[in-house]
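Everything on this sheet refers to the single structure shown next.
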Amino acid sequence: MQHPSIMEPFYLTKEPYYQPVGAEAVLFKAAYESKRPVLIKGPTGCGKSRFVAYMAYHLKRPLITVACHEDLTASDLVGRYLLQGDETVWADGPLALAVKHGAICYLDEIVEARKDTTVVIHPLTDDRRILPIEKKGEIVPASDDFMLVISYNPGYQSVLKDLKQSTRQRFIALEFNYPPRATEIQIVAREAAISEEVARRLVGIGEKVRNLKNHGLEEGVSTRLLIYAGQLIGKGIPPHRACAAAIADAMTDDAEMHRTLMEIVRSFFE
Amino acid sequence: MQHPSIMEPFYLTKEPYYQPVGAEAVLFKAAYESKRPVLIKGPTGCGKSRFVAYMAYHLKRPLITVACHEDLTASDLVGRYLLQGDETVWADGPLALAVKHGAICYLDEIVEARKDTTVVIHPLTDDRRILPIEKKGEIVPASDDFMLVISYNPGYQSVLKDLKQSTRQRFIALEFNYPPRATEIQIVAREAAISEEVARRLVGIGEKVRNLKNHGLEEGVSTRLLIYAGQLIGKGIPPHRACAAAIADAMTDDAEMHRTLMEIVRSFFE
Amino acid sequence: MQHPSIMEPFYLTKEPYYQPVGAEAVLFKAAYESKRPVLIKGPTGCGKSRFVAYMAYHLKRPLITVACHEDLTASDLVGRYLLQGDETVWADGPLALAVKHGAICYLDEIVEARKDTTVVIHPLTDDRRILPIEKKGEIVPASDDFMLVISYNPGYQSVLKDLKQSTRQRFIALEFNYPPRATEIQIVAREAAISEEVARRLVGIGEKVRNLKNHGLEEGVSTRLLIYAGQLIGKGIPPHRACAAAIADAMTDDAEMHRTLMEIVRSFFE
Amino acid sequence: MQHPSIMEPFYLTKEPYYQPVGAEAVLFKAAYESKRPVLIKGPTGCGKSRFVAYMAYHLKRPLITVACHEDLTASDLVGRYLLQGDETVWADGPLALAVKHGAICYLDEIVEARKDTTVVIHPLTDDRRILPIEKKGEIVPASDDFMLVISYNPGYQSVLKDLKQSTRQRFIALEFNYPPRATEIQIVAREAAISEEVARRLVGIGEKVRNLKNHGLEEGVSTRLLIYAGQLIGKGIPPHRACAAAIADAMTDDAEMHRTLMEIVRSFFE
Amino acid sequence: MQHPSIMEPFYLTKEPYYQPVGAEAVLFKAAYESKRPVLIKGPTGCGKSRFVAYMAYHLKRPLITVACHEDLTASDLVGRYLLQGDETVWADGPLALAVKHGAICYLDEIVEARKDTTVVIHPLTDDRRILPIEKKGEIVPASDDFMLVISYNPGYQSVLKDLKQSTRQRFIALEFNYPPRATEIQIVAREAAISEEVARRLVGIGEKVRNLKNHGLEEGVSTRLLIYAGQLIGKGIPPHRACAAAIADAMTDDAEMHRTLMEIVRSFFE
Amino acid sequence: MQHPSIMEPFYLTKEPYYQPVGAEAVLFKAAYESKRPVLIKGPTGCGKSRFVAYMAYHLKRPLITVACHEDLTASDLVGRYLLQGDETVWADGPLALAVKHGAICYLDEIVEARKDTTVVIHPLTDDRRILPIEKKGEIVPASDDFMLVISYNPGYQSVLKDLKQSTRQRFIALEFNYPPRATEIQIVAREAAISEEVARRLVGIGEKVRNLKNHGLEEGVSTRLLIYAGQLIGKGIPPHRACAAAIADAMTDDAEMHRTLMEIVRSFFE
């Protein structure tokens, strides 16, 4: 590792709060040790990013996260030439940084990115484990500690935003879902700093709302929104008002669905 | 706060005129204190921007507003390198400014922006509260005083211009609507500097016009247009002519609908 | 006003010929005094641009006209950095010029412009009256004399090229149409330097042709084309040949419609 | 006229061969004297460009022709800044050159151009006769000798490539067609340097082929192709082989239509 | 011819192997002498490019070939400014080189190019024979030796990739097809260095395969692929394996069609 | 070979593990010796890239691999000018490097690339064997050792992403498929470092899963994923959990199909 100082901001300095719910940590560690990339699938706000941070902390690796979007190109990941004074100077992108310095590179919502970015990761995800930097005519072998992790929400799957089989079949995949009830209650109570009783009601609302998925709701409610509702309640906002702001208004613009959501809320906080 | 002087133009120097109509101010303050971002939903001209300015004034925070549009990219928000003499110099965008100097950043009509801008705000709207500046390989932690506010008009909702659940579920949401009659009369009278009686008639017209929404009108009439009509009347323009210019001509190109609107006007100013 | 000399080319030095036909001048003046922006609606060639020039002359304001088109961006209006020798120098766009120096800025056929330009005018058309120059991180308050005027042809209205309600509801609107017969005869006679009798016939043709709108003609004939026909007649071209060139050939490629138009012409110049 | 030498290459040094067939030259001259722009409509290869050159020669004006295409932008016409050594230097585009130096600017196939180019010509085609150079914040009044001419093939008319009424209604229009038989025989004989008899047969083929328009042929055969066929015959190529190469193969890829065309050829050169 | 050395790499130093099959060479020469451009139509791999090279060799002209593609713009053909040290320097594109130095410019598969390239060639293909270099405000008259040749595969004809009549009707057209049997046997035997007997069988396969066009095959088999098969056989590969690799696998991905092709192969090499 | 050191990183230093399954190596060698390009067709993860590396090792040629993607342009392959200090310096792209220094250039998934890249390879794949570098006005003859190899997955074939016949008919084609059972067991056991018995079961699963192609599965399971599953088992992960992560979760998001895949897994590891 040549310039460890460059990596400093990417080390996690305290353990992220994460509750393992299955074999995900064991599988992730086995993939890391086998030098295989990992694909994490699951709905919005179920803890995918938190899990990656948790694993980075325990594997003692810096974590470089890139939120992918429609305009993210291969150059954004690999690097580009910048004009500096009299010369063009090469600036490594986040993926090149991770490859060289043995970081975990986490490409969040990979299917949102431009197609060239998904293909650029191919040579890093087979036995070659190399990053060709075409603009420099260079081939960078990945550090032994480098790991690529990508995430993907199958609920958004569409023809245009699908992960190609030639990409998928390069990853060990972990399927995520909302945490089980007891775990989620613990999480909501702890993160919102509220009583277990209030957290239990909020998680109850969460479960009922998630049943509405594909019955008019595009996606279930995230643990994050339940925590928001809890925080507002903790600030003294009446529960139904807190849930309106953090859950019903946040999730839908449809008057009918809004009413349904608020009925669920009232059945827990009458 | 390193360079407070940079922020000077963004402080509001006098209290914006705003009439609270519910718990919106309390919820906004609770969200600010919990370091959570806020999403404001509501129709055109119902006071969303005014409310944000009002809150910025009372929370004593500078306010940086960005009117989003189809060509607004992540770089427009975060910043870019500019060539200056012999060197490329980094120039912070409005979002980076707000993040560093603890301002409220208000992204107006967020769904109009390029998709990459909505995703760039993700790491600012979860526990990380960081702004990764990929072009500089830097991670900027948000100032404790930083707050992100976005607005959105659900009436314009379409497949292409929708807010993704993975974005929505990161915000506490406040639903706005036109002010109640008494409040609106007060606002129109004050802002247009006209009598309460004339204001009452204009608000009456407003209510009737808003009932036409989804009956040929895409959107209700804004409080702003009622104020315009009032101002023209105050300038001595006959009421039906003022309402034609400020309401009927401004709102529709359809001859039939125009006639309907003018009938409503005449029923108040015969 | 700091550099009045910059504005010199934008002052009108002689009164444009314009015949007021209603309250349009009074309403425009009231809007100007109330610091409200104006939207002028009406068909091709009915005098919208001429009216704005006439008002600029009488209000003694410089007039900056921008013909909007599909590739006109916000930067074209606001300004951009130019490389000059060793430095990048900021160059104000026409809108920034008008805002700073108190001109009337006339955005002709606003719906043709890129969407970002329509949104850039929002902060100039509410109580803020400011122009945020995002690339410079600057907020420019509009001069008291600044006025924004936009035009729009409702006849071209389509889903893609429509004015959003959130934009429309920021303007006082003036609806224009072709001038009444007596006025139009006077205009055509004067501008083409022909006898009232010939002008009367040309205006007669104009009225008949305008009745064909929506009966195979996309748009009525403009006063401008009637003047062209008059000028050709004044040059000694036989009337039916002059009207073929200036009216029928100019307006349609359809053989059937061409014949109809020429029949109308012959009924006035047999 | 400041730098007449710049215009030198644009003056025609010998009279282009053109046979007037109606009032087109008289109308063009009247338009030129009235400072009105001209729109020339007609099918491929019927002599539109030749006519403009002929008029430029007789009016003693330099002629700047721009072949419009899908990627032609307003900047291509007006001009742009070029980096030259240490400075950015402005370079006038062909339209700006013509406007300043009193040339005839001929925009060939205007509907092919980007929409911004058609709108850029608006202020040049009404009473203002100005060219706003937005990038320089300059307004250039047109020289008295400047004339704008555009051409357009109505046969290609489509929703996407149509001339908007707001553009059309700014021009005096001249409709062109293939020359009458006697004229065309004279042209073909002269240009191909062949006998009148052979030219008569070629023009006979031309007439029959033009009747097939809208019966499987997109467009009639141009006078130009008849001249090509004549030239090949003049070079000793057998007539049916010359007509195959210059007419049938050039015009169609359809075997059926090819056969029909060759039958027409054989009926004239058995 | 100012800098003949620039043209050196474009002269063909040995005669390309080409078997004339009709009047194509005579017509091409006549077109060259008449200073008319030529359009060569025909299927993939039937010898179009080879023919142009053959003619260039015999007319003693340098040959500049440009393989057209979707992103080829007018600037790629005409030239562009390059930054070199302190100055922008103009660099002629291949078309400008050919125009100035009297080369044959061969635009292969012209319909693949951006539309602006097809229009840029217009002034070179009528009596003007000029190349306007708009970016330099220059008009370059073509050298007397300059000739423009374009190719086009009518089999690919589609609405989007069609040659416009206004372009087609500027060319003398030559229709190409696969060579007649005896010629093709000679070509295959010579190029693959195999016996006439093996070549005869390969050409027999070719004829049968070409009959399948429009019966499931998009295009017939090219002479080139027959030569490849011959070469593999010459290298000791068994004929059916050679034909599988060079013909069946190369031409189709459809299992059914593959079987049909291999049955044809086996009927010649049992 | 001028600068052999440039090529150093592209030489393979140890023999890639590859099990030939037919005549592919003999055909590839014959193509190489005949200076013909090769097209390799086959499904994801069946060993195409490994085979090319294996051949490069045995032919003692450097190997330059380019993963093609939607935004890969001809310039990315051929090279471009870079600004360096005071001058623009030419930088060869990977294809130009390979052409000049006699490498094998492997364009992986060629149909993903921009169309201009497929056309740029045309002059390299016929008798000319040249690379025209249009931007430099240069024609580079290919080194005798240069070979072009492209790959293509016919399973993804679509109208938009198809290989044109004019491109296909320039290649000798090799069709690849999954290795036969005995070979694949050997590969999986060796690469995953597991017993032949476990490898046999994994290959059994692979065969059953591949039968599901076109019955709900877009593509069969790759040998690579079977190796991943084996590696996880080798790390002590229970087989069904390893197969869930490496096979079922990796291949599908469909609950039904997931269940089917896991039933297949359980039938081999009960």
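Lettered A, B, C, D, E and F in written order, each chain numbered from 1.
The rule is short, and it goes like this: contacts are C-beta pairs under 8 Å (C-beta built on N, C-alpha and C of every residue); 3 or more make two chains touch, one makes a residue touch a chain.
None of the values given here were measured: they were computed from a predicted structure.
Path length between chain B and chain F in the touching-chain graph (shortest route): 2.
For the self-contact between chain B and chain C, the two sides draw on mostly distinct residue numbers; the shared fraction is below half. Here the CA centre of chain D is 52 Å from the CA centre of chain F. Look at where the CA atoms of chain E average out and do the same for chain F: the two points lie 30 Å apart.
Annotation for chain E: residues touching 2 or more other chains are 83, 86.
Put simply, chain B touches chain C in their complex at residues 6, 9-10, 44-45, 49-50, 65-72, 76, 82-86, 91-94, 97, 108-109, 112, 153, 156, 218-219, 221-222, 224-225, 228, 231-232, 235-237, 241, 245-246, 249-251, 253.
Remark: chain C residues 23, 26-27, 30-31, 33-34, 36, 39, 41, 73-74, 81, 83, 86-88, 114-116, 118-120, 122-123, 126-127, 132, 134-135, 137-139, 154, 157, 164-166, 168-175 touch chain B in the complex.
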